[in-house]
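Next up, some structures in C-alpha cells.
Across the two complexes that follow, subunit A remains constant while its partner is subunit B and subsequently subunit C.
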Partner chain A sequence: MIQHFVHITPEFAFVDGKALNHNEKGAALLTELYRAHIGDYPKFFKMDTLSKLGFVASELLLQAEGELRFEPREDRAVVLFNRSASLQADTNFQATIQDPENFFPSPAAFVYTLANIVTGEIAIRNKYYGETSFIVLERQQPQVMAQQALAAFLDPMTESLISGWLDCEDENHFEAAIFLLKKGQYDNAETVSKEITKIFNIKY
Partner chain B sequence: MNFKSLNHTTMEELIYRLKQEIIEALNLEDMKPEDIDENAPLFGEGLGLDSIDALELIVLMEKNYGIKLQDPSKGKEIFKSVTVMAEYIQKNRTK
Partner chain C sequence: MIVSIADNIISPLGMTSEENYEAVKAGRSALHRYEDLWNLPEAFTASLMDRETVEDAFAALPVEKEYTFFEKIVLLSASRAIKRAGIDPSSERVLFILSTTKGNVFLLDKRETGFPQERVLLGVAARQMTDYFHNPNAPIVVSNACISGVCAQIEAIRNLQSGHYDYVVVAGADMQSAFIVSGFQSFKALSPESCKPFDAQRCGLNLGEAAATVVLARRDTVTENDWVLCRGAIRNDANHISGPSRTGEGSYRALKVALGSMNPDRIAFINAHGTATLYNDEMESIAIERAGLAQVSVNAMKGYYGHTMGAAGVLESILSMCAIDDHNILATKGFDTLGVSHPLLLSNQNQTTEKKAFIKLLSGFGGCNAALLFAKGVEL
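Now for the complex of A and B:
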C-alpha cells in the first residue's frame, strides 16, 4: 500500500485518508491550508493556482512523511501528470495581451505559462536536485503513470518519487491526488498502477 | 487627467498610491501601505522582491503613469525605494 498520499479538490483536503478541517472552497481553500499548515513562504501568493495546488499538496505530503526536510538531495524525483497543462496561467496571461489598447504583458503571469513550473517550485522549496518532469495526458491513466514512475527509478540516483495527478482548469476546478513512492516498493508497473487506481478511487 | 491635475498630486499622495499599486501588482499578501517603509530598499533585504517583480514594476510604471523605461537596467536606480520611484514618476509621468 502506498503509505502517504494527499487528495485536494475545491471541496476537500485529505492527507493519508484523513480529512483536514477547513471553511473555504476553491482557490481560497488552498490559501486557508497554506496559512493553517505551512506559512512563511510569501512566494506562495505569487503562484498561479496550479503551482499553489502542487505546493500545498506536496507540503502536506512531506509533512505526513515526517522526514528531515530542506537538506539538498538528488535522490528524490518529482514526476507529475495532468490534463489541463497550464491552462489557467495561459488564460491569465492572455488577458494581459488581449486588448491592443491595453496591451501590458505581465511577466509574473507569463512565468507560469508552462505546466512543469510547479515541479520546479516543489524542487526549489525542498532543494531537490533530482529529475523533475510533468506529463500531460488526456485523462487519468494509472498504467501510463505507473510506467513513468518506474522509468524514473531507472536513474540510479533516484530512490523516491513524488508523483501523481495535479490538474487545474481554473480557481474552482482542480484536483491533486499525489503520493510518495519508494524505489523497490513495487517491482512491476501493474502493481503500481493498481495502487494508483486505489488512491484515485477512494470515496471520501 | 490633465497636466495641471497631475501636478496637484502631492508627493505624499503619490507615495501612498504607489504603495497600494505595488502591493496589488506584486501580490504582497497581508501587507498594507503603512507596512512599507518608503525609504527602505525595494530589493534585497527590503521587501525581498525578485527579478520578475522588477519587470512587473516596469509594466506598472508604463500602465499607470505612461512611463516607458527604454533601458531596463535603469530600474536599479529608480527602484531604490518607493520615494525614489515616486520622484521619478512625478518628473516623467505622461498620465
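Now for the complex of A and C:
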C-alpha cells in the first residue's frame, strides 16, 4: 500500500493517517502547521494559498518519508492534480483590474495565476530538477489520477513521485491529498486508484 | 512508435496548418499594435484572432449550445484535425488532452454575464470539447504554464505507450484578454513593438492567440512520411518561480533526455521558445550550448504569432513538421543581430535542409522546461 500520505483540509491535517494537533482552521491552519512543523522558509508567507497548501503538505510528506533532504536530484517528479487550477489567485488578480478607476495589476499576484507554480515551489525548496506537471480535471477522479501518475514513470529518469490532489477554491475551501509513489511499486492503475480512493475517504 | 496522423492550426494567419505554414514561410506576421482595447490603459502589440472570421467558420459546425470564443477556437481546430485523421472521436479508445493556461479566465470579469461561472474551470471548459465529440473519457487539461503544449504531447505519448488508448487528440489553445495582457504588462515583460527573438535589441514578448491540434497514434512500423514523436522530457530549474535559471538548468536537462544517444548532426534545427525577453533567450542559449547543440540551427516563431501560451507547443511543433516536409528551416522573424552570450546559429532568412529531425524546446513560469524530439520516417 501507499506508505506515506498527507491529507489536509480547512478542518484537519493528517500524516500517514495520524492526526496533527491544531487550533486553527482554514488558511490560518496552514500557517499554524508551518510554524509548528517547518518554520525555516520565510518565502512561505509570500505564497498564495494553493502554494502554501502544497508546500506544507509536501514538507509533512517528506518529513514522514524521513530520507535525506535538500540534495539535488533529478529522479523525483512532482505531478499534481486539481479542479480549480489557480482560481483563488485568478480571482484576486481580477480584483486588481476590475475597476478602471482603480487599476493596479500586481506582478506578485499575477505570478500565482498559474496552477503549476506550486510544483515549482516544491522543486525549488527540495532542489528537484525532475519533471514537474500540473493536470486539471473536472473533479476528483482517482482512476484518471492513477493512470497519469503511473504514466510519469515512463520518463527514463523518474524513480519516485510526489503526486495527488491539491485544490484550493479560496482560503476556507481547499484540500490536499498527496502521497509518495515509487517506480515499480504498482504495475496497474486499478490498484493505485483504489489506494488514492482510500486516502480521500479514510475515516479519521 | 508514436506518430502524428493529422493536425490543424487556427490563427490570425490561417485556418489550416498549410495556410499558416505558407504565411510564415512568406514572412507574414500577425502582430499588430492595439490601443484602447479591452479598457486597458496601456497600448500593446499582439497577435489576435479576428472575431468575425472565427464566428463565420464556427457557423459551419453543427452546434446545439452556446460556446465561448475560447471554446470555439478549440472546437474548430480539434474538429478539423479529427476530420483529417479520419478517426471516430466518440470512441472510448480516444483520449482528449487540452493544453491551456488560462482557458475562459475572461469570465471572471464582472461585466461578462453570458456564460455560467463554472466555465472558468478548465476541466469544465475541456468537458465542452469532449461532450461536443461525444467522447466518454474524462478530458485531461495540462496546465503547465508556457510549456503546456509540449507537456500535453508528452502526456499523449505516454497514454498511447501504456496502451490505454489508440488515439490521443491534443488541442492547445489560449485566448487573450485584459487579464493576461495587464498581468504581463505588470511584469514589464511585453515589448511595445513586434518582438525580436534572440536579438541584441530585444525588449520583451508579445502575446498571441491561436488553437492548434495534433492527433497522435501508436504504430508498429513507420513509413517515410510519418512524423514520429521520439522522446520528450519535462525538467525543473529548481531555481525561481518567475525568473529563468542562469545556468539553463531545466532546459539543459530536458534537452539531454530528448537528445538521448543520437548524433546531433541529424537535427535540422531546435525550435526554441524564443519569447524575446532578455532572460528567456539568454537562458536558452546557455542550455543549448551546455547540451552540446551549439552547432545546430535554432529558430523561433514568436515574431509571427507572439506567445500563444497553451497553443505554442502544439502550434510551433506543427509548423516545424511542415517546414521539414518542405526541406526548410523557417526564418526567425524579428531577429537581426545576435544578442545572447552563447553563440547560436540563427537566421532571419529561410534556409534549406535535408535533415529530418528537430527538437521543440519550451520554458515557463514555475521553473518548468520541456523538450521533445521529432523525426520524420524513423524513430531516433
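To be clear about the criterion, the second predicted complex is superposed on the first by the 204 of 204 C-alpha atoms of A that agree within 3 Å, B and C clash if a C-alpha of one lies under 4 Å from a C-alpha of the other, contacts with A are read in each partner's own complex, and residues count from 1 in each chain.
Heads up, the rule we're going with is that a residue touches a chain if its C-beta (ideal position, glycine included) is under 8 Å from a C-beta of that chain, and two chains touch if they have at least 3 such contacts.
Since we're looking at a predicted model, the values are computed, not measured.
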So, after the overlay on subunit A, do subunit B and subunit C clash or fit? They fit
Quick note, subunit A centre (C-alpha) to subunit B and to subunit C: the enclosed angle in degrees to the nearest 10 is 80
Query raised in the report: Given the touch rule stated above, what does A:G54 touch, subunit B (first), subunit C (second), both, or neither?
Result: neither
**OP:** Quick one: classify A:P42 as touching subunit B (first), subunit C (second), both or neither.
**Re:** first
- prompt: Once the shared chain is lined up, is A:P107 touching subunit B (first), subunit C (second), both, or neither of them?
  reply: both
Of the two partners subunit B and subunit C, more of subunit A gets touched by chain C
Applying the document's definition of touch, where does A:P10 land relative to subunit B and subunit C: first, second, both, or neither? neither
*asked:* On the A-aligned overlay, A:A85 touches which partner chain: subunit B = first, subunit C = second, or both, or neither?
replied: second
Closest CA approach of subunit B to subunit C after superposing, in angstrom, is 7
Note: overlapping subunit A surface for subunit B and subunit C spans 105-107, 111
In the complex, subunit A touches subunit B at residues 42, 45-46, 104-108, 111
So, in the complex, the side of subunit B touching subunit A is made of residues 25-29, 48, 52-53, 55-56, 59, 62-63
So, in the complex, the side of subunit C touching subunit A is made of residues 39, 41, 101-103, 105, 108-110, 120-124, 126-127, 138-145, 151, 155, 157-159, 161-162, 164, 178-179, 182-188, 233-242, 249-250, 253, 257, 364-368
Subunit A contacts subunit C in the complex at 72, 74, 78, 83-85, 87, 90-91, 93-94, 97-98, 100, 103, 105-107, 110-111, 113-121, 123-124, 126-139, 141, 144, 147-148, 150-152, 154-157
